[in-house]
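Both complexes shown next keep subunit A, but they swap its partner, so subunit B is in the first and subunit C is in the second.
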Partner chain A sequence: MVEPGTFLYELWVSRWAILDGFGTTVLVSMLAIVLGTILGTLVGLVLVYGGWVSRFLVRIYVDFVRGTPVFVLVLASFYLLSQIGIQLTAFQAGLFALVVFCSTHVGENLRGALQSLPRGQTEAAKAIGLTFPQIFVYVLAPQALRQALPAWINTATEMVKASTLLSVIGVAELLLVSRQIISRNFMSLEFYFFAGLIYFLIDYAIERAGKAVERRVALPS
Partner chain B sequence: MSQMLRNALAGLTALVAVSAAPALAQEQGKLDEVLARGKLIVGTGSTNAPWHFKDESGNLVGFDIDIAKIVAKGLFGDDTKIEFVDQSSDARIPNVTTGKVDITCQFMTVTAERAQQVNFTIPYYREGVALLVSANGKIKTYDELKAAGSGVTVSVLQNVYAEDMVHAALPEAKVDQYDSVDLIYEALNSGRADAAATDQSSAKWLIVTTPGRYLDAGYGWNPQSYSCAVRRGDQDWLNFVNTTLHEAMTGVEFGTYSASFKKWFGVDLPPPAIGFPVEYQ
Partner chain C sequence: MVQPILQIENLHKKFKDVEVLKGVDLSLETGDVVSIIGSSGSGKTTLLRCVNMLEEFHQGRILIDGEEIGYSGPRHKARKESEIARQRAMTGMVFQQFNLFPHMTALRNVTLGLTKVKKMPAEEANAIAGKWLARVGMSDRCDHHPGQLSGGQQQRVAIARAVAMNPKVMLFDEVTSALDPELVNEVLNVIKDLANEGMTMLLVTHEMKFAFEVSDRVVFMNQGRIEEEGPPEELFRKPKSQRLAEFLKSSKF
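After this line comes the complex of A and B, so read on.
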């Protein structure tokens, strides 16, 4: 039996709270990555293939969001959206901010990857009679997605770390839960270290999974 | 980080205040709104014992929580008709001004600057600095500390004003500053310090949670009032909360208030004198 007052005892007492916080962190990060990727893919496609009006508008969106700290995005979606009549819970507001942030990064990555492909490929594909959808699906996308993959994995790990900012608006994710526990037992070093370890493990898992996908889809060279 | 947050929030608050101003006029009073809703929405934190924190079973507890429950009880005769919104200290004013909460009770120090942004209720606690000493040390009271002059060392949380603050009470004492709260107690435990200067409430809470280990040297200074805050401009709601809190400290709910005070600060409050109202004495 572990003695009261030790770290392991406090960890055991707090196990459900920590598990809750861990679940919230994973849930909000994964939702942000999935939704942000879907939105970001649209953003990337518009930036490359859109007409000038839509390209201009999306460019403003991307530059504005990327030029703003995530922290400010989180506060703005919590406080400003409620003023224009959109009542979001803290979780929804935080998720919204993360999705918006994620979408601009994914969009820019995709744009960079698509534009790095030599023009000659599109021209050659046209020359053999492929339509644009065919060119995109068979020629451009397979290469661009491979190129964008490392940057996408990086963005995914960034999202997990950015989710800590949601503690400011009262979303009880892993960091806020850790602070709640520390305020009860004053074991700041132990519990911050433990939280750091869990964040590292989540990001490490994402990175390993990403690397595995990269290997799997790598073209024989 | 915290300063940046405060600036960002101040900016947002200003923006919101401007955009919300026209809507304010046609709203019904907050008191009616809360009564119609059937529950009170209270902004508070979750990371500061004994004010507002999670106990081992994950329930939000503390003195701020009890104060909020007294208001809910006043509204509905039921202190469970309450919803707590978890907020950081920096969100206390914005969450009130944007109407995300009906009231904030979160160890909020009353200042004239803040009173320009929110309406404060009457205070429910007076915070100050205490000198915590070891129960088995040689020096136990403020007079002994003072008499020892430069022979005593006081541990305190690192702060620009920390040295001056300690010297206001013990002009000759040696001041050792530490990075975190656990370290100032650690210094006291290990004998590197003869006293630890910390918030009255923290000192009392520590004495409650670790009986027999520490004593309060019995001197308090640097007064600060703690009040709840409500949105500006709704005098009816402010009056209601004030009346509820006032009667908790002097009238029918004194039992609830004093039981909570005893629970978190370990101090038995003398009941208000019967007869002539204590306020005018």
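After this line comes the complex of A and C, so read on.
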């Protein structure tokens, strides 16, 4: 069978740890994408339809977060939040940072999609007597979401990659688990490569699924 | 005297400091077909858009079937959004750029207003939409999306979308300007048919020959005012003002 000391042997020995790390990576990424998308949708809506005060505040939030490395966000939410009395676990703090990061991307993306719709769409909808909520639901949102989809998929893959940063605050996700395994067996090349492959496969799956959805909702022309 | 279906009184409209409408009066009775002509920047499209509340205006009144549109009272108080939405459905508008909803089939484009504004059951809405799409010669394209239709076909669907709402007045804003020349007539013919059936229409157009043929009255606008108004024979054959004479000479009529 597989000899001790080979990569496959080491892999087999650490299979549960790796699976755990994989699970944590998937969980934190998924939560970050879902919660970040919900928050980001609000951000986008405020940026387009908010009054000038709320628009101004959200604009500062978006620009500030987007101008900060995710790494710094992760460290800040882990170390700074506890300073002001908010006690979060490493997982919660890391997730918080990713959600904030994700929300700004989704928000900007949605804002761009909504603002790129021709004014004639709103005018035509008004002309047949639709109220604003109806115009948004039936006319603007379906078009904006189609337009925002490719960038959203891209953001989702970014979130999986950004989740590796949680390893520095001690969240046992795939990268940290891999490093722990390497510190035991010194097979750095093999296990880093393996971790890289897993990340690639996760993102590849997201990409393919996204493309499938894009094709499904594409408009015939 | 019959009450006009559309009455515009002393309409003023400013963009920033530029006054684009400087007191326009116009009235249409049921069944009237009135064309507005004039050079670009004369305010004719703005006038049309005010009737549908796509533009605010600062002074004057617009009444449709006796009801004041967009504002109320002597102090020109703006109405509520929901109220304005209801009033907008009293007019139907067709745009230069068609503005069909690209994510909906031709049929759904027409039924949207029927089901959401008029709260019709889907069956009834489909029947009405089907009837109007047939009238504009688009029966066999009901399930197509706008992206699959030619410009002329899109514009005919847009006309069906507007008339299906059974508006009191139809507004046409340079509806053939964005079309390839060979597609212009199919759209104009649809409009002519509707006009012959007694639909009340206010049109902004650059098609002088069409305006001459279809209109009961023609209005010539110049620099935010109505310069001349009258039956097409008089306006086109015997223009009174020098500006209209010049305009007609420079246009292809």
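Here, the second predicted complex is superposed on the first by the 221 of 221 C-alpha atoms of A that agree within 3 Å, B and C clash if a C-alpha of one lies under 4 Å from a C-alpha of the other, contacts with A are read in each partner's own complex, and residues count from 1 in each chain.
Please note the rule applied: contacts are C-beta pairs under 8 Å (C-beta built on N, C-alpha and C of every residue); 3 or more make two chains touch, one makes a residue touch a chain.
Please read these numbers as outputs of a predicted model, since none were measured by experiment.
In the superposed model, A:Gln143 makes contact with subunit C only, not with subunit B. By the document's definition of touching, of the two partners only subunit C reaches A:Lys126; subunit B does not. A count of residues in subunit A touched by subunit B and by subunit C gives the higher number to B.
Across the complex, subunit A is touched by residues 52-54, 81-82, 85-86, 88-89, 91-93, 95, 97, 99-103, 112-113, 116-117, 144-145, 147-148, 158, 161-162, 165 of subunit C. Every residue of subunit B that touches subunit A in the complex is listed here, in rising order: 4-5, 8-9, 12-13, 15-16, 19-20, 46-49, 53-56, 58, 85-88, 90-91, 94, 98-100, 180-182, 185.
Across the interface of their complex, subunit B is touched by residues 13-14, 16-17, 71-72, 75-76, 79-80, 82-83, 90, 167-170, 172, 176, 179-184, 186-188 of subunit A.
Looking at the complex, you find that subunit A touches subunit C at residues 118, 120-121, 123-132, 134, 138-139, 142-143, 146, 219-221.
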